[in-house]
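I'd like to ask some things about the structure below.
Labels A, B, C and D are assigned to the chains in the order they are written; within every chain, residues are numbered from 1.
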């Protein structure tokens, strides 16, 4: 334990450096070219077997992938910003996932750790009171910012990988480090599940920093995520001159407007919380033209997968009906999805017993449920559990300068020590859990 | 002419008596059982060949026919109110049309006259300042009232029939007196056209009293009618408890509400005036029940048949789309229809030359166009014109106590003399028109 | 206990007779003239001090009171159906509440029992498979039916009153029997609270039969009621001819339709369940008239009073905005209200210990929470608790022939024995509760 | 006449050159810096008294003026593209109007000619089959294109100015050349009227090329323009996380959507054609955020100013009501307006008699009315007529390569000869009109 404490103390400055580097070169979903290439290079350097790109990302299960030319432009940008050129080509076309495997050679379960790497489409603040700007590691990529803490997640993952490879002789079974792209918009996890990445994982730890939990507090199993579906909808009608020939138009704007209203009128569900939000509506080209096109960005959510399905099916009906009303075409693209979260209750005491060994941890909750956002690691948890394994989603609290997704988001970096220690101990002591729960290695 | 003037002077008190009798026993569309039976009996008495009921009404072309039990109840009511028992059975089931034919035996065109007989679904005023009430001929039939003047139309028709039969020896060709049911809601004319009633008519005169034209003025051809379609729409969903199981309902009320809004959003038409009106919406059963049913009464109109078709087709799309949105069933019943009006321009001077001979006529207009209501005699005009004949819709102005469709509607009865004389002269002098226009008898 | 069992056995046939009599002469909210007069007469006969009418109903706190002439017509109807003529005048004008007080003369708390007496506006089934119809006690009052079991509640209340007066010498403190009008639509309880009826009650028992709980099961405290507000909304615009002068109309139907849609679009609430339902919409007078009036019946609900307030305040905004859009007047009448339910947790074990003594009780639940309908006894519970007393809402399960509010609703009458015994024991053993909880008599 | 024909023949190549130059350096509304400066310089050179900038543009009557930095950027652009540096500063800040006055020194009326100079916000086609592109005078200004023919109008105006100044000795009274900015979006004319530019004009000629009229045809008075109001509407609400705190949002998107629907439901008008179009709706920032802002671009139109006022007033009601519904702020900016067109009927025969003298004119219409777009020269016509003068809007037909406002719009430039000759003759022969109509010079 002393050894590990010392090792972590030495690792911490490096983790801070990594985190600030990732923060500076923030990359949003499916264009984490630089980040993923550096992760892959380091994992390889530390002795991990590295799988990357289409090996770990199922092409057709990706959601919300940007246009080809956007991908190409950002691959070029990554090259200029110091991506690892050995690995970069593996991610070409938006396959920015990395998996590192450390086999101890000894029997034991396969432990998976999942970290997300993507930034948000937000313009970072350049106020002097925003620490990353004052300290000159604010994002240099226009309109992209690590405003949710995935830069910390990636650094914790790297720190954990370096630590575990250093103490490999003390470990059993296999370690699987999973670096996921495109969690924002819940677009990436499903493609790693479908590529089989989780098939051999016996125990999965996913985690997040912050989320309103104070520094020093650990939540062993967070179940507050809603099942969700993200949709882009396009209505295509026919333009005409609004003064001269109004009857020749097919009005896509009115189809979208009536869809928006009626989407929000989908009934509440007695089975639990439901949500619907048309977050963006853009329609029409000119004041005096009957609008021929309209685009909606919307999402449904439900406390359970069933409730979200109810919302989603109703949403489809509404959209089709709106299109029929105005004799326009409607196209629905699923651009994101996540299910609700059910952390294995058996895993909470195990995580608690590790967190109790971390000196800066002051408070521990077993299971927390608060209706909040959504998270696609839930697909991974579901997969592991459906294979008979255990999975939990933990929260490591930290002090925030501003809320998640805010242009001045920042956090107390010392949370990375708490996360690193807790997660490392979870690997070191896994034999005890394996015995208790009779988890067999695959 | 002196003779006719004398005859009309003698006829007038009888016409007033008839009119007040019809007014007192007001009968709305498809239940004009008493009125039609009395018309048939008198036509027969005056030597007309009489056709009635299904002979002159095509069953499947009727629109907006009331329920069976309503028809039966009113047939019984008519019997109690002095219907002619020889003719009453002919109208059973709602076939309340009558045609009387007077063949002079001499060559000449077939002249058709069309009169409508139905009252409105309005409760007549029982204020002392309402003349029909003060003079004790207000409607005794609850919720039915002659508030549009069709009682006058029927009496003019009867007066004209009696007069022409009396001067049969001065006439040529054939006279066809057409008494139509159910003009209100434009439900009846089409069924007489489809029954072939107009097939042999060479010259058709349809007419209306009042409509804002002052007493003493005659409009020879009124073209201000809009093409129209009347629809009843039912949405059928699924009820559920709004508190306990909102998600189990299929909301017919919201489908109807969104239909109503989007119906009114159908584009304007650059080709001319268009209209849409959802006049009635009734939905739902109880405050705490997701509404399982909704009913709309609506109409579309257009300055031309084409514009009305545009409105009607869009309306169908909107209704179907609204049903799809809420996963409910929609049923559309066409309960009335009329086309726009195009009086033969050649007929106006002929009518003018007759009206000029009427001493109480002070002013004559040839053609008038003002966007107003709708009238299904237009189907009859179209039919006659498509057969190469001439047809016109005339207005005989009169002083009104209150507007048409008002519960205090009443009019100066002396208009009946003007109408009778003008229409009689139109038959007497027909040879002149026939020569001018080379109209051949069928 | 044997005595009481015997007494109840003797009472039961009379309770069945009462229940069937109330069922046959079903009276809906605020016109329970016959029911209330019979209740008052019997309470008086059994030695209760009886308060009735405006003594126990605060005039201005009544909600959803019918029109004057409806009240008058039903008072006359009650007279013909055998109302007690001494008491009937006390209820004139719709003050159909009764309270009976039994003072034992001994110290002890005041125990309140609340029963509701009103029927629903439902036409009872006349199918032979509907027991009340087959047995000839189906409702003779057109469109009114006891389809929720309040006939049983009233009978249980009467049985309990008769029993407790018979064993008065074994009791302590005071017994207060509260017979409430107009629970359906949650319209009556508040007026009894505001009249001060609950001010001196130390322990309150309210209850319901059925609600999906099986025969033999007792729920000691049911908290599944939602806070709710019931509203009637009238929009008043200006009529005009839809063809001739559409621009002169102020369209109340479209205001109502857009209100309905946007009411259902009020946001979900993260604090818990919310509901909104526009259950009824009636608008317009004729197909070709721009509709000048529209009426909505709607309700909002919330898991907490705060959530319902959020819904209600938003609803008001939507209604006002819709009126402004179409330049029409909107009038909102609150016609019902109830708060959410919080049975005293301390009372559940006490009720349980009584129910355990009832031989036909097979299962007992302490507290149940299921999001369901609403109930205005909650105002009474709140009042008692805010005065430092205890209050609980119990469910006595029974077998149902069809669901509550269904035209074939019926139930196994033997539930009345279970309810009567449990509630009687709750009075008999009150001293024990009073000591445990240090409840002082007022 | 021969002289003039010769002069025009010599002028034509120069006009083509000017037109292509203006086309290449297309400038949209309020940024016609280069165009206006060149017009002013040439007018001055040809002996006109020149007024420019704030002298002829009333600051507060301008509508739809772009942001300050846009104006500044384009002023700089104009400088680089060869604007006349003497005049350019006069237009700084978006006052891009020019008036040139030629006083003959002889008595006679003041004749005004109005030409518009602005391009559209359209990206010009770069297909080889688009003549301006093939001949290398396609617009070099990104997103701006002369797609309506105002480049021709400006050139005709310049040709006319040069010609009239050359034959000044043959003319009487005063000539006033009015070069107007920002006709597209009907934003500029009112500011010139309010600056007094039209106050002394006795006879006004405004005109347009093309509009579907074939080459060789002249329409002396076109009355087909609709009265119109252009509005930008902003709704401002409150953002919140759509999953975590939906109840904390104030939804601007739904306010805009319900506004759009209900705007299109404003009633038709029996007085004539009406129009409403929400041409653009942009709302919201992210899929999972309750939208805090929404922007609409919309317009109303009416066959008469009264009908447009009806539409506009209803539109304001709808927008305010929608804002109230969702408790958001609404801001309405009027960004354009024009009235309907009533060319003086007395002027048509005069224009006809000039056009008859033009050899390439093949057909002449006096007055044409077709419901079409809108045009703000109508404000100028109204002003002149209200002062007792005469005013007409003429059309000079030409062959079009593609419709107005199309990215491939182009026309047969020889129309410029027809327009120039007709308009020049209208000045040369003005004495005759002045005598006939007793027009006095101001």
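Throughout what follows, contacts are C-beta pairs under 8 Å (C-beta built on N, C-alpha and C of every residue); 3 or more make two chains touch, one makes a residue touch a chain.
Just so we're clear, the structure is a prediction, and the values are computed from it rather than from any experiment.
The chains touching chain C as well as chain D are A, B. Counting C-beta pairs in contact, the pair that comes out ahead of the other among B-C and A-C is B-C.
Residues touching across the chain A-chain B interface largely coincide between the two copies, over half of the numbers being common to both. With chains reduced to the mean position of their C-alpha atoms, the one farthest from chain C is D. Each chain gets one centre point, the mean of its Cα atoms, and the points for chain A and chain C are 51 Å apart. Centre-to-centre spacing of chain A and chain B amounts to 69 Å, using the average Cα coordinate of each chain. Residue positions of chain D touching 2 or more other chains: 244, 246, 251, 254, 258, 261-262, 264-265, 267-268, 270, 275, 290, 371.
By the touch criterion given at the top, residues 244-247, 249, 251, 254, 258, 261-262, 265, 267-271, 290, 310, 314, 317-318, 320-327 of chain B touch chain A in their complex.
The touching residues of chain B, counted against chain D in their complex, run 261-262, 264-265, 267-268, 270, 273-275, 371.
The touching residues of chain D, when paired with chain A in their complex, are 185, 226, 228, 230, 241-244, 246, 251, 253-254, 256-258, 260-261, 264, 275, 277-291, 294, 297-299, 301, 371-374.
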